[in-house]
Structures are given as structure tokens and as C-alpha cells.
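In the two complexes below, chain A is the common chain; its partner is chain B in one and chain C in the other.
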Partner chain A sequence: MANLKNVTKKTKAQAMGMHSEVLTGRTQQKFFNPDEAENFYYFGTYDVDFNKRTDLDVKNMTAAEANKELDNLMSQGYGTIVIKNPQGKHSLGVGILNKLNLIFEGSLGYFGMGSSDGPIVRINGRVGWSCAENLMAGKVVIEKNAGSCFGAAIRGGDLICKGSVGARTGIDMKGGTIIIGGDAGAFTGFMMQRGRIIILGDVGINLGDSMYDGTIFVGGEIGSYGSDAVDSELTQSDQDWLRRKLRVAEIGENFDVSKMKKIVAGKKLWNYDNLEPAEKKGAI
Partner chain B sequence: MCGIAGLIHRGKSSKVGHELQGMLQALKHRGEDSTGYALYGDTDGKNFIMRFKVGENVGEGSTSVAEDVSVYDERKKIVDSYLAEMGAKIIKEERILPYSLRYEIEYNKKDLLEFSQKIESIPGVEILSMGKSLEVIKDLGNAKMVCDRYNLDKLVGTHAIGHARMATESGVDIKSAHPFWGYPFSDVSVVHNGQLTNYWNNRRALENKGMRFMSECDSELIAVYLAEKMRDGASLEEGMKESLTGLDGVFTYFVATKDSLGMAKDTMAAKPLVLYESDDLVAMGSEEIAIRSILPQEIDTYDPFDGEVKVWQI
Partner chain C sequence: MAKKKNKKKEASSQLGKKKETAREKMIGQSIGYRYDVNLLPDYKKITPFLKKYIEAMGWDDLNWLEDVHMGYEEGKPAVFCRNANGWVTIPKSIKLPNNQQDRDMIARELLVKFQMSPKHPLVDLKKAYLKF
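Then we have the complex of A and B:
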């Protein structure tokens, strides 16, 4: 457990009342200080040139070796990298905090492109579970199908799967957009907190179960609604946004977005009851 | 965690032992406490093949108690005498390891219940499989170790299922290893990845109906559950569909018979499965890399959805 202690010298953020403590020990919470913005350094980033292109054959590499070589190529300024023979390996392309044009000629296993921030990725195959989990920004396009937990807990960026996806797509997502060209499995949007999910095909049971916020658009049939997931009116603004998103994603050409269903949180779960947390606090 | 893999060639035979070894070895990071194979080999279909054990592997990591080889010899002698008593003629006998044996048996009765009960009444003896095509081989260690130990590389057949096990709820021993034979049905086997939460309720009910359990591994329930459904006249696919509601928990399992291979996924879709299907081959596994071990070229695969049951014929 982190060690909390009061500090006497206040930073600008503390003076503004944004927080009053710092964490020390192994887990340190570093607060962004606007006074030091010019010295701010984003670890693991490189200046790359999109016109500088190279291939990387990972057939005989482990995922760790492949990711290390990827990092090495970015450090040399390569801005477009084509990964050959990924052959379903797990954890390829994780933790890229850089602008980069990355192309996978094949399929990925679990956790492909996880915890990334900024790259534009095209995967010419399928992906396994938890693709692009915790994506912060950028764009990931999958040409074929995806496994379960697609885009789990993403904070931002666009995640596009042109095929079908498994269960729990967008679980716990906190921002960004997920677009599915085919069908989606059970518990899509489970506990999502923000962001948008677009599914052009059918979706399985318990759609949007326990969602806090965010929006889900479905073009096909819905297996069943999850707890607290409710229909909402599809506005003209929604339709305009959907058309724009699908066009940019190069998916669903000629798809009639006006017939899509819009699902949002009913906000009737306990966590939306203002009284209960206070009562609990009092009881504690 | 555990990993499962299966494949079926349609309209031809192949080196399924070698192929399944590659698939399971690719999944060894999901567990290598034990590995099991259910191989459906090319046979003339006249005689039964009985794989059985007269003791446990007591090597490193095993939870079994060490026994002297002379105990195994004694048990084998009793098995031989019981077979003679029941009119079963041993055509070929192989003692692959001190505790693991393979018999080819000429036996004309169709009902294997009485036969199996008699053999397994000998303490320490368990029939791993009984069938005219099926051979279940399971032991401690990863896929390659088990394959080498039992020389499975050259086995030719039409289909196979296998399991790489990380022991969680029961011991590290052969009796808890997968696949499980669909006792007492000839040529039925099951592998499972997941956890069944209504194991004891179902077990008690099935035991009251005369079904037998050899381990305390929850996965054995699936084999017994399906066997009981088939005993009551259901087809394999019907039994599998019923299992989606009859079994509680999270699971993906494969079941194989002499001429078919099936998969079922629970309604939560909580356990992984990747599937490749073409006109002449179906290959599936917990992860894509299992399929890639036999099909390294770019292929189209997908995850079956929640509550999905599929059965393929050879």
C-alpha cells in the first residue's frame, strides 16, 4: 500500500486544490505541473519519419525480441514498419507510445497492440483476445475477425474490426470508439464508462450490461439487453456522426445508419443513487 | 488455466499424433502438469483397444503415492484373469510403461458397463479408454514429453483431441488428467477448459443413476454427463446442447466419437476458443498459435460465440 504523507511546499496544482497529497515509495504518482511543461518528456517516444519504411520478419523471434526490435527501428527514425509472419504470436506491438505507421501482414494472438498510445496500425489478419487493451490514442484496423475482450478498457483512439468479434467487446472502456463490421458476442459494452461502440451486425446476450455511461449503436438484432441498458432516440446528430465515422473507417459503405438502435445507460443502478454512498460513508 | 486442442480430417487420414503434439506443445504455457491425447487411429474395427493403467506416475511433481512395480505386476495378472473370465481374448499386449498398458482385445459383447466395472473393481486399475478406434494416452509433463514417452508421433488417424493441464482443483496425477473416456461408451472422449461450479450436485445425481467417477476433477463430469444423456437415447449433439444449461460455470469443451468431433462453449463465453474450418480440415484450440503449429500459412479463423455447439463428421 502506498505511503501517503502531507507535503509542506505546495505545487501549482496543489495550490489550485487539485490534490493535497503525494504518493511515495515504489508507487509514485507524478502530477503534471504546468510550470514544467517545457521540460515534460514522454518516455519511450522517438522522432520518426513516415516516409522511412522497413520490414521486420518476426517468424523466428519471441514477442519480447520482436517488440524490442520494433523499438530499435523507431529509435532509428523508421516511421513505417511492416511486420512479416506474426503467426498468431501474443503481445506483439504492445506499449508503443509513438506516432507510427505499423502494418502486420498476418494475425496476432492475445493482447496485440495493448497499452499503446498514438500509432496507426493495420492488421491484415485476425487478432486474439484483448486486442488493443488500454489503447490511449491512435487507430487500429483489423481486416478479419477478433477474439473476446476486444478494446477492453480503451481510453481513446479508434479501434476497427471489419469482421466479427467475440464476447465482452469494449468491457470497461473509458473513451474512444470501437467499430465492428460484423457481429459481436455476449456482454458487449459490459461495464463501459464512456466512449462509443458501433456494431453493424447482430449482437449477443446482455448488451451493455451494467454500463455506467457511453453509447452503443447496433445495426442488427440484439440477443438481449443487459442490466440497466436502455434504448434511446437516435438523433440526426448521431446519424451524421455515424456516417462520418464509418466513412473514415472505410467500413459499412451504403449502410443505412438511420435504422440503427441506440443503447445507453438507464442510470438506475446503485452507483447512480446519490444517497447510498453518503449513507455508506456514514455507516463506516 | 489449461489449454485444449482438437482436429478432424474429413475424407482422409493423417499423422494426428504428430499434429496434436505440435498443437498442444504450442499451448504448454497454459499448463504442463500433465498432457493427454485422445487419438482416433485407423484400425480394422474388429477388436477393442483398451488403454489402462495399473498405477500412477510418481515422478517429480506428482501427488501420487509411490508403489512397488511388483504391485503393478500383481494387478496386471488379475486384469488378465478377469478378461479370461469374461471371455475377452487378448490379441496383442503392450506394456508401454510399468504402470501403463495397451491391449487389443477380442470381445463380442456390446455393453461395456459390466466389463468396465469388473476390471475397475481391482484397486488401482483404471481403464483410460475403450474403443475400436479411440486411444487415450495421458501422463505427467508437457506434450512433447508424453508424446516421446508413448511414441505417439507416428500414429495415423482421422481426428484427435488433447489437453495441456494446469492442475487447480485436483491432484497432479494421471487419473485427474484429461481426456476423459465417456465411460462406458466405446470411443467417446472429452477434454475441457474451465471450471464447473455445480460439480457435486451433478455428481451426486449421476452417481445415484449408476454412473461412475474415477477422479475429483470437475471436467470428468462432462464425460459422465454426456454418457448419461446418450444412455437415455440422446444424440451427441443433443446431449451437448443440454449441457449448456445442465452444467454451470465457465467452460469450453471438445467431445469426440469414432466418427465425429464436437465443441461447446458456455453462455458466458468466458473461455477461449479459436476455430479454423475448411472442406477437409477443422482445427481448433485455446489459442491461435495451436492452429498455427500445423497451418503456418495465413488462414481465416474465428472465435465461436457464446452458447455455440458444433459437431463435424469425418
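Then we have the complex of A and C:
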């Protein structure tokens, strides 16, 4: 009986011993030190100079060899690197956690520039699937078209495609900004949780399907809205931000942003009810 | 006059000290943010440190920091460090302004300092697990 009494006082999740599971992650025991020295780069990364420039021909290299050589050049202080003959190789330029000015003279295959944190990248060609997946920070500009899953799960930075992109652009994105000068395919912004997508052209069906949060701006026609994607009012602050962002992206500077549509989450799918911990426990 | 003062006091005491919402009570878990995650930064409020950071990185704007906001963890002002996957508490010695835009800029500055510090938790992890 005593146990029952205790249980009734608690929520269902607490009664199941799940109350210590916090959605927010672990609180750090370390606190900020406001007197921390001014340091703009990750500890252990290279101090590169943007004015120190070199070329790297990757024609006869594998992606792993090319990425290793990139790292080697950064360690020598090269801040501007031009990659020649990428020839659609997959996984080029992944995992760069450095400030860097990187230029690809050609097209990339799958997973180009994935998991990068900081570099400014220009790709003078096309890119395959999942370009800049998991991008953390920096700016990636693609001069032509991009494949599916463009900017999948990005967490920060600016990802710009001056042409058109395939389906599922910005799927599961958790931050950052994706800017598309042309059209976007179906399921754009699928399950996005945070961040912003700007599409100057048309977009396919199921836009923002199951989006949890974040914002999508569309300049052209929308094929159809996905589940829980709803229209929202475009504010003056949105318009100012759009103008500035399009200037940064070097596209659509004269685009009339006041006529853009703003799509957000209707938040009807925010169903973190007390059934969820039970399901979670069952799955463990 | 007295009413105005009271209102100000109330507003400042609310920041970072909001009680759990009905939803949080029901699920028995705390929801990470109670602020507008979609709030766009006001570039007029940018701090000199952040200006230098943007310049050093060669970017045109706040870039990834546009998504950083001052939140709350266990009732205390905190900012989420995505690299460490956890909230980092703001020291009590830092006086925080009342408006979210100014608070966000402080959060951004402190987060950059925290992440770039040799004392960041990932530095030790890197030493222990670095493969190549």
C-alpha cells in the first residue's frame, strides 16, 4: 500500500523510474570562464593564412589521400587551397574543423564537404547526394545543381546552391541556413527541427513534412504542404534578415522578399505525452 | 511609479527562473528551451568580440551562431554547447540584461570562448580517443 501511495503522487514517467532522463542533455560541471583568453579557433587546429595559396591536383588520388593532403597543407599554414580535377569523387573535403578558403574546380560526388566546421568553400560545378551533410559552421557555395539530401542534418553554417536541388533537402536539419537559387524537390525540410531554408524558385510536394521547428521561406510555387507545415506571417525582421542573407549568398539580391511565403511547424506533432517514456522503456 | 518598478522587477525575476510548464509536469521531464528558437539575431547588438571572431573566420555574418540563444537549465541561465552535448551554466558574476537579443549575444560570445578553450571537455576526449 505504501508503494501505491508513493506512485500516485508521482507522474507516470517518474513512477517508471524515468524522471532522471532529461531531454536536454547533461549539464556540464564546468562553467564558463568570462576571463578566458581571446581565441577564435579550436584547440589543436592549424593557424592558417588566407593569403597563403596553393593548388592541389587530386586526379590520381583517392578521396582519403586527397583529404590527408589537404590536412597536410593546412598544417603548413596554407589558408587558400584550390582543388583541381575533383572529377566527381565522393567524400572530398570531409571533416575540416579549420578556418580555410577552399575552392573546387569541378564537380563532387556523394558526401562532399560532410561534417565540416568552419571553412568557406566554393564548388564550381555540381554536387551529388548529401552534400555538406552534418555541416557545423562555415559557408559552402555550389555554383550549379545539387542532388538529393542536400544539407542533410546540418547543425549550422550557410549552405548555398545557386542552381536547383533534389528531394529531401534539409532533412532532419538542426540549425544553419540552406539557400537555393532555383527549385527544390519533394519533401524539402522533411523532419527539420531547427534552422532556416530559403528557396527562391518552386518547391515540390510535401514541403516541411513532419517539421518540428524551424522556418522555410519560399519565393515560388509550392507543390503541397506536408503534415503539420503551416503558413505564418512574414515579419519585417524576417524580410531584413532575408535581404541580408541573400546578399551573403551572392544570389537574388534584387529578389522581392516581401512576397515570399513563410512556412513553420503547426506544432500539432509535439506529442511528448506520458506514453512516450513507456514506449521508450519498452524499446530499451 | 511604484507599479512600473514592480513590473520591471517581475520581468527580470522571470528570466531564467520560470516554473515548469504543465506539459513538463505531465511528462516529468524538463523541456530544453522556453524561448523562441527561431528568433533572428539583431545585428545592432553584436559585441566587439563577435565582430573580431567573424573577421578572423572570414565570414560575412554570425554564421552558425545565429542558432545560439540564451536558454535555461535547472532554472539557471545557460547556453547549449552542441560539441559537448550539454547545457553550460552562465556564472553568477555575469550580469545579464533583460532583453533576449542582448542575452543571446552574450551567450554567443561565451560559447565561442568555451568551445575554443583548451579546457573544453572535447580536448581531453580527443587526447584519449584520437585515431589519426
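The definition used in the following text is that the second predicted complex is superposed on the first by the 226 of 284 C-alpha atoms of A that agree within 3 Å, B and C clash if a C-alpha of one lies under 4 Å from a C-alpha of the other, contacts with A are read in each partner's own complex, and residues count from 1 in each chain.
Operating definition for what follows: contacts are C-beta pairs under 8 Å (C-beta built on N, C-alpha and C of every residue); 3 or more make two chains touch, one makes a residue touch a chain.
The model shown is predicted, which means the values in this text are computed figures rather than measured ones.
Visitor: Considering only touches as defined above, state whether A:78 meets chain B (first), chain C (second), both or neither.
Guide: Touch partners of A:78: none, neither chain B nor chain C.
Visitor: When the two structures are overlaid on chain A, which partner does A:111 contact: first (chain B), second (chain C), both, or neither?
Guide: In the superposition, A:111 touches no partner, neither chain B nor chain C.
Visitor: Determine, under the contact definition given at the top, whether A:190 touches first (chain B), second (chain C), both, or neither.
Guide: neither
Visitor: Give one of first, second, both or neither to describe whether A:137 is in contact with chain B, with chain C, with both, or with none.
Guide: After superposition on chain A, A:137 lies in contact with chain C alone.
Visitor: Is A:176 contacted by the first partner chain B, the second partner chain C, both or neither?
Guide: Only chain C; A:176 stays clear of chain B.
Visitor: Given the touch rule stated above, what does A:217 touch, chain B (first), chain C (second), both, or neither?
Guide: Neither partner.
Visitor: Considering only the touch criterion stated at the top, classify A:50 as touching first (chain B), second (chain C), both, or neither.
Guide: The second partner, chain C, only.
Visitor: Thinking of the overlay built on chain A, is A:101 touched by chain B (first), by chain C (second), by both, or by neither?
Guide: second
Visitor: Quick one: chain B or chain C, who's touching more of chain A?
Guide: Larger number of chain A residues touched: C.
Visitor: Which positions of chain A sit in both the chain B and the chain C interface?
Guide: No residue of chain A touches both chain B and chain C.
Visitor: Spell out the residues on chain A that touch chain B in their complex, using ranges where they run on.
Guide: 87-90, 105-107, 109-110, 125-126, 128-129, 144-148, 163-168, 183, 185-187, 204-205
Visitor: Can you list the residues on chain C that touch chain A in the complex?
Guide: 23, 25-32, 37-38, 40, 43, 49, 52-53, 56-61, 63-67, 73-74, 78, 80-82, 84-91, 93-94, 110, 112-121, 123, 126
Visitor: Can you name the residues of chain B that touch chain A in the complex?
Guide: Interface residues on the chain B side: 267-270, 272, 274, 287-289, 291-292, 296, 298, 300-303, 305-307.
Visitor: For the complex, give me every residue of chain A touching chain C.
Guide: Checking each residue of chain A against chain C gives 10-14, 18-19, 21-28, 30-34, 36, 38-44, 50, 99, 101, 118, 120, 136-139, 155-158, 175-177, 194-196, 213-215, 237-238, 241, 244-245, 247-248, 264, 272-274, 276-277.
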